[in-house]
Every structure is written in C-alpha cells, then in structure tokens.
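Each chain carries a letter (A, B and C) given by its place in the written order, and its residues are counted from 1.
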Amino acid sequence: MKSNLFQFSISTRKSQEFMDITYLINEAIEKSDVQNGIAVVYCPHTTAGITINENGDPDVVRDILSTLNKVFPVQGDYRHFEGNSHAHIKSSYMGAEKTIIINENP
Amino acid sequence: MKSNLFQFSISTRKSQEFMDITYLINEAIEKSDVQNGIAVVYCPHTTAGITINENGDPDVVRDILSTLNKVFPVQGDYRHFEGNSHAHIKSSYMGAEKTIIINENP
Amino acid sequence: MKSNLFQFSISTRKSQEFMDITYLINEAIEKSDVQNGIAVVYCPHTTAGITINENGDPDVVRDILSTLNKVFPVQGDYRHFEGNSHAHIKSSYMGAEKTIIINENP
C-alpha cells in the first residue's frame, strides 16, 4: 500500500454552487495506481464542503442549496465581521473531507 | 497492513428509520483479521446516511428523526421530480461514509 | 506505513463550547513519526462533534453555536429522558470523526 498526494485548484463562479469534482478524483486515483484502498478528499477552504450525491437531476442541487439557505440563512443574527458565517456553518455541518473506497475489481 | 472489502445489502421497512449495522461492521473486521487500522463504512445510496451514536435509548432515534423532519421537511418547496429531495439533503448533511478506528488491544 | 493510536481526555467547562484540539493532533502526528499518510480523529462521546474550521475570529464560533441552537433547539419536542437530545442530533449531524491528510513535504 502506498501513499499519494494530489492538489487541485478550482474556482467558483457564484457565491453558492455545487461543483462536480468526480473527474479530478478519478484522475488522481488513476495516477496513483492504487487498485484497492482509500482516497481522502479534503478541501481546506472553511466555507466549502464536500458531499457525495448522485448528481442525476440538477433539481436536487437546486433543492439542497435552497433548503440550506432556509435553515442556515445568509443574513442572520451573526457577528462575524466577514459576513460569511452562514457559509462557515454550512461547511462545518456538511464537512469538507470525505473518505472514499477505491475498488478496481468489484 | 492489508486491505479488505466487504459488501452487505440491507432492506429498510419504513420510509425513514435507523438501522443498527454495528454487527455487520464487527463481522467484517473479524473476517479481515485487522487488529489495528481503520474501517471505512460507506453507503452508496444517496438518500441514506451513516452516523455513530450510542443507541442506548430508542427515544434518541425518535428525537433525531422527528427533529430532522422539522428542519428538512418531507414536503417543501422542492423541484426534484422524485419527491425525495428531503432525503438527499438529510443524506448529504449527515454523510454516508464514516471512518472507524480498529484497535483490538486498547 | 505504520499505525499508531493515541488517546486524550479533555474536559469541557460549559454545556456548549468549541475546544481547539489542533495541538493534540499535532503532538500525536509528531510522536507517530508519520510523514505522509492520514490521521483519523474520533471522539467517542455521542453528544460531541469534531469539525475543521479556521478559528480565526471567535465570532465564527459564537455564530455557529448560536445558529445550531436555533436550528436544533435545546428545548423541544423531545422524549429522551436525559434531556440532551439536541446534543445527540448536533453530534450526529456534525459527525464525530474526521480524516486528516498528513503531508510533511507539501
């Protein structure tokens, strides 16, 4: 079992959006040559999160963003001077690291 | 350190419920013969989540389900045609993968 | 690649608070002598969670605690006899395990 590290930079275009990073993870796993093991996907930005979902219908993404903004509203009784407390909360609750099983021979 | 993969299929009986899968994980760890390491538990269903909690009092399970349905209601301003957006949101926010420490000699 | 286990006990002083455990994790990683790999940080208390955030402005911590208490209120329609259902819910939704990438040579 060996260990590999790959870093990527991606840019968002909106204040809130989902970005599909599956292809980046697949590329990294291919380069790593790991057949069976795990991949730890981590985003160091503290106002971003990582989730695994099916991405079959864009309406799911819309529904998730819309609902999260009702539960953790952009404007609220926040004190943090940067005005992005809602994003810190969303990030902490979604989590910004996911551990993925690599299995080339299912 | 070696790597093992075990797959299980379980069926739910209700639209929303908690199922204790501790025994499945324990069985897999025993079969793996790993004494010290980690187990990555992952559910590929995008309307399910995995959590670690004590399962001492069934009322905790009832309280979690009940509260989540208040925060992320089954019926809402959703557009996803399958009508299960609330479950996708709950899943993304609880997470469907957990990494567990295996330590046979505490 | 080798495996290490370190255990720590810390005490909270309030019913709800954030405690920075970065130094404990750094100490464990140094002792482990792992240069490249992962650290799994886990808290077995089912009314606690672990999150990675920047801890730059104490107001972020205040905003997270305050918002979570609005979304998952301390007093509610709960049945669990111990009266801490809100904390079990917060824990299950934040998660009490995080997998961290160790990379001594970035």
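Keep in mind that, in the parts below, a residue touches a chain if its C-beta (ideal position, glycine included) is under 8 Å from a C-beta of that chain, and two chains touch if they have at least 3 such contacts.
All values reported here derive from a predicted model rather than from experimental measurement.
Counting the residue numbers that touch the partner chain, chain A and chain C have less than half of them in common. Simply put, chain A must spin 120° to overlay its Cα atoms on chain B, rounded in steps of 5.
Rounded to whole angstrom units, the spacing between the C-alpha centres of chain A and chain C is 19. Each of the following residues of chain B touches two or more other chains: 1, 71, 93, 95, 99.
On the chain C side of its complex with chain B, the touching residues are 1-3, 5, 40, 42, 46, 71-72, 76-82, 85-86, 88-89, 91-93, 95-97, 99.
In the complex of the two chains, the chain B residues touching chain C come out as 1, 36-38, 51-54, 57, 59-60, 62-64, 66-68, 71, 93-95, 98-101, 103.
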